[in-house]
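First chain A sits with chain B, and in the next complex the same chain sits with chain C.
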Partner chain A sequence: MKKRGLTIVVLVIVLVIITVIVVDFLNNRPDRRSANPYALKVEHLKDVDPELISHKETRNLSLGSLKGSALVYAEGKLFVVGDSTLVIMGTDGSEPKQFEIFPGPLSLLVQEQGIFVGYKRYVVQYDHEMKLVKQWADLGDRAVITNLAGNGEKVYVADAGNRKVTIYSQEGDVLGDFEGKSESEAGHGFIVPSANFDLVVNDFGELWVVNPGKHAMENYSDDGRMRGFWENASFDIDGFLGCCNPARITVMEDGSFITSEKGLVRIKIYDQSGQLLSVVASPDLFKEEGKAPDVSCDEKGVVYALDFDRNVIRIFEPKADE
Partner chain B sequence: MKKDKVSSRRDFINKGVRLTLGLTVVGTGAMALSRRSGGEEYVWQIDPFKCTQCGRCATECVMAESAVKCVHAYDLCGYCDLCGGYFKPGAKLQTGAENQLCPTAAIQRKFIEEPYFEYIIDEELCIGCAKCVKGCSAFGNGSLILQIRHDRCKNCNQCAIATACPSNAISRVAANKPYIIKGHFTNEKEG
Partner chain C sequence: MKRRVNMHRKLNMQKRIPGFFILLFVIMVSATTLIQGQQRFPKPEFDSGYVQPDPTSPEPRSVALEYFDVFVLLAALSLASWLAVRKRSRKGLMWLSIFTLIYFGFYRDGCICSVGAIQNVALSIFDPAYTISLAALLFFLLPLIFALFFGRVFCASVCPLGAIQDLLVINPVSIPSWIRKTLGFIPVIYLGLAVLLAATGSDFIICRYDPFVGIFRMDGPFLMIFLGVTFLLLGTFYARPYCRVFCPYGVLLSWMSKFSKYHMSITPSECIKCKLCKDSCPFDAIEVPVDKAYRKPEVARKNLRRFVLYLALIPMLTLLGGWIGSKSHVFLSRMHPDVYLAELMISQPELREDETNLDIQAFLESGDTFEQLVEQAIVIRTKFKKGGLALGAFIGLVLGITLMNQVVFRRREDYEPHKANCFSCGRCMDFCPVDRGT
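Moving on, here comes the complex of A and B:
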């Protein structure tokens, strides 16, 4: 009788131990863990007034195994670089043609005078048959070339590592550089905390450079003298937040800016004075804390966004009533 | 004859004990010498490139106050006015407590010169929750990171945070390179 009682006690203890182990194991599964009490809440920043949204996503173009790093719309076609390849295709992805280029392209400029591919420390110039014309001089160890722009006569190279814009001739000769400094308080110089530093020349020949640390767009003469700027640092939809936004820009035919932001990824349109006109794509369409898509647009206002997180070209067309 | 046998057994035990003691002394000495001459020692550390800012460093450390603290890579920082690691998303750009992201107000904001602001971590207040790290990674350039501070860490045989870490970001690193700090525009690890 005594022995039987002891057996029951031992069995109960063993059962309790097994239950504790199983419950502990199940509760510690990654999907059962308690929520992070210190989670950063940004959901409210993703809400965008539907009235502000001017475009809708109509199509995606897959890049397959190519890891895209830059996108440009020019001459009625899409130009994409990545890995060691340049792809030229129709805006619907038709008739893609591939050309081998030096590995590691980061930026791209297509002009009548040629195709310019930016690498970390130098630029390589090709003709329109994709024959190598010239590899331009290396900008040094500190250089991190992030983007290129041109006006048909000069090529402007944004160098995030050296925090300056280097001006080249079409033949690749260095004509000068500027750091965005001027005598006025506004001309503080480029503040570039990360490799997000873009610039663009619009159809009127105006050179605009992003000053990401100031959340500003700055207009320069073609030899690098500041002519004007606008800035808007804010958590609100009409401003830019973080250290490095807008991370990428392009221009529309009328001179309006299309901006692409990292972190809280969104694509917006501003007029030349910095007034928010509309939102092309709201943050809920992108990966949380994603990279800023590279953006380009055509004559009809269709926006092409190279989504680095999904490795696809996303096409946003203006809504019919716009 | 029997006495001789007992005597030899006792000798055997005595010799064995002496040998064991000798080996222990020699072994301990050799271990001490190897440590003094810089032999391989390891400490626990967080790889900031793997960290997902899950918040467990604040809750899982066996220390009453977590040995994990926020560390600022000043050479990487943009010294921004609108700092995603300092301000609550959507807050006004004023330093009132209601606008600060840190739950313990462990980040001090100091004006340097237009338009730069410096952000200094008060380690006594920091609980290693990674909220600021998340904000800096999402909106900034990731200059705020979590690191295990070795003046606080007990270097447990099995680190409780490493066990709980969902991204395997915590591992043993050489004690002569105890920190993994971000820098420049690359993800090259620095000592």
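Moving on, here comes the complex of A and C:
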């Protein structure tokens, strides 16, 4: 090829390169960008085998103007906190009684010894007449208290901000804390990417703490030594997915766990070893990318779920043939 | 006796130095392994079949290893300077460029890089919230400092972008000077635009359109691989096309190199004007001896008149460029994603409901209000008004100086490397038949 021809080829290629760059730049503008090819497809995960579903939704209890933030079933009644109010009502929503509490409650624990309301950085203890007993010590700037649990002697406070569980006496004295760490590989410590960090004490007095980043349930002695755990990170129905699930838990009388997940919202029941027993509520009943409902259950296995996205208490009763 | 002891110590030191560096290297590599081995938390085992997107930038390195990269850069620049200026070894320069291609290209995935560091420096100057790392700053400054003393030794054998092209120069052709000079103006515009976009926080276009990163990482979007391969194919007959037609850092290096005191020379002693060097240079960077006709009084007078005219044009071109740039600020500001998004949401409000539009959905999820976005867009547009003015003035100024340089003839008796355009690759030295002792 002669020099002139090569010069033209050079110019044409340079022009093509500039055109490609400019066209690519223009095609990556917000209104021209192609759909995200890496989007995680979760549509198929919403399908749950009907055989697995053990409960059916029977009733909703509206909370009216109250913005609920935590729910507990105890003493045959439902206890709900939100805004600056605690509401105690029957399981059918009857005879609601309202009590004024400090504003901004986030969690709740009802025991014989009293009613404990968790705030972002501290716990407030009331008696059953809803008289203020004591405001416990502030846990500091980094604290984000997400849930409370108790065994009648001690109160366990899940602190997502500091990624630890603080142990209190019933009088509000700090007895210690633990971060879930141990020398074994299992005791990595609590991985809490968001303010979803729950714990529960079952009827046998066992303390179970969710390690949400590991998708694990960890059993601790009452002074914070790990005794066992199970974990299941999976896209299948029997596992947990996302950054921090299960976001909320409660226990049934037989020690089974009721788990509530965020993102792909679903409520499930597991036995103590982590075997999936059934599904209480499938994702199609909840808002897409929703918050994990706070859950509690009664002696008959009725599950009460505080749906934050709809601001109602949703009641799921076991199916008749269960 | 004392002198002998000193020499003995010196010899011992020389023996120890390689050992010390090997030890240092081993420590650094071990440190990296440890740092990389400790994850923030164990990744859960998912088996979903989901294919994760490849990261667009390499994983961050420990600070110690970033400084090790700076050390390698400094060592490579020093060695390249020695090979080009003192040793005059084309072969040495080529082997060094193979090493840097492997290290900075394939091992370091083309990042960190002096070319892209322009943007970090620009952003750090104009955005007080952004702090440039010392390593990035040194990557920007060191090649320029070396160019000021020894010419473009960075281009010769330290830059991986240059190295990969240089190794594929097969049958270079020379194209007409006026086309070369016209194409050579593209890097000036690219530099100005890249600085403007980086300074306004809009985009890092040099990195985004680095054509060889996809090849270095053996992965990348089809478009970037296509661009890289196209550049390499073009480079087989139009040597180093990226360096000559696009590289914005080359503009800065050429300015520095113009003033280089110890630039490599073609011949080690007296030039015999055999023209072999001119034929050997694939970059048309050899200046020929100036024709005596230019020294004639009538030609000199004519050139003087043109020189004065072009000199007078410089401020006019600068002002005109500044005016055009300032007037273009609305258009230019749309390159910033926030401005584009704000305009889009004003002109097409229905797009807010479009769940497939990732940018709008990401904005809505951010929690910011639309009013905040518009306010932000107005602030950015104001920055573009000043930036557009500066960009236009810069382009006008460079254009004026380039025109003026067309009529400036310096006396030159021998064939010499064009200090600004010469990549110090050493091919001409290799072809020069004159011996050192001649």
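Quick notes on this one:
We adopt the following convention: the second predicted complex is superposed on the first by the 281 of 322 C-alpha atoms of A that agree within 3 Å, B and C clash if a C-alpha of one lies under 4 Å from a C-alpha of the other, contacts with A are read in each partner's own complex, and residues count from 1 in each chain.
In this text, a residue touches a chain if its C-beta (ideal position, glycine included) is under 8 Å from a C-beta of that chain, and two chains touch if they have at least 3 such contacts.
Being a predicted model, the structure only gives us computed values, none of them experimental.
Look at A:3: by the touch rule set out above, it reaches chain C but stays clear of chain B. Shared-chain residue A:263: touches chain B; no touch with chain C.
By the touch criterion defined above, A:17 reaches chain C but does not reach chain B.
When the shared chain is aligned, chain B comes close enough to touch A:161, but chain C does not. When the two structures are aligned on the shared chain, A:215 is found in touch with chain B and with chain C. In the superposition on chain A, A:40 contacts both chain B and chain C. When the shared chain is aligned, no partner comes close enough to touch A:102: not chain B, not chain C. Chain A residues in contact with chain B (one complex) as well as with chain C (other complex) are 30, 33, 36-38, 40, 188, 191, 213-215, 233-235, 241.
On the side of chain B, the complex with chain A involves touching residues 53-56, 58-59, 76-84, 87, 89-91, 93, 101, 103, 114-115, 129-131, 134-135, 137-141, 143, 166, 185. Across the complex, chain C meets chain A through its residues 41-42, 44-48, 50-53, 173-176, 179, 183, 186, 205, 209, 223, 226-227, 230-231, 234, 237-238, 241, 245-246, 335, 337, 340-341, 344, 348, 351, 356-360. Interface residues of chain A, counted against chain B in their complex, comprise 30, 33, 36-42, 44-45, 144, 160-161, 185, 188, 191, 193-195, 213-215, 233-235, 241-244, 263-264, 288-289. Within the complex formed with chain C, the residues of chain A that make contact are 3, 6-7, 9-11, 13-14, 16-18, 20-21, 24-25, 29-31, 33, 35-38, 40, 188, 191, 213-215, 231, 233-235, 241.
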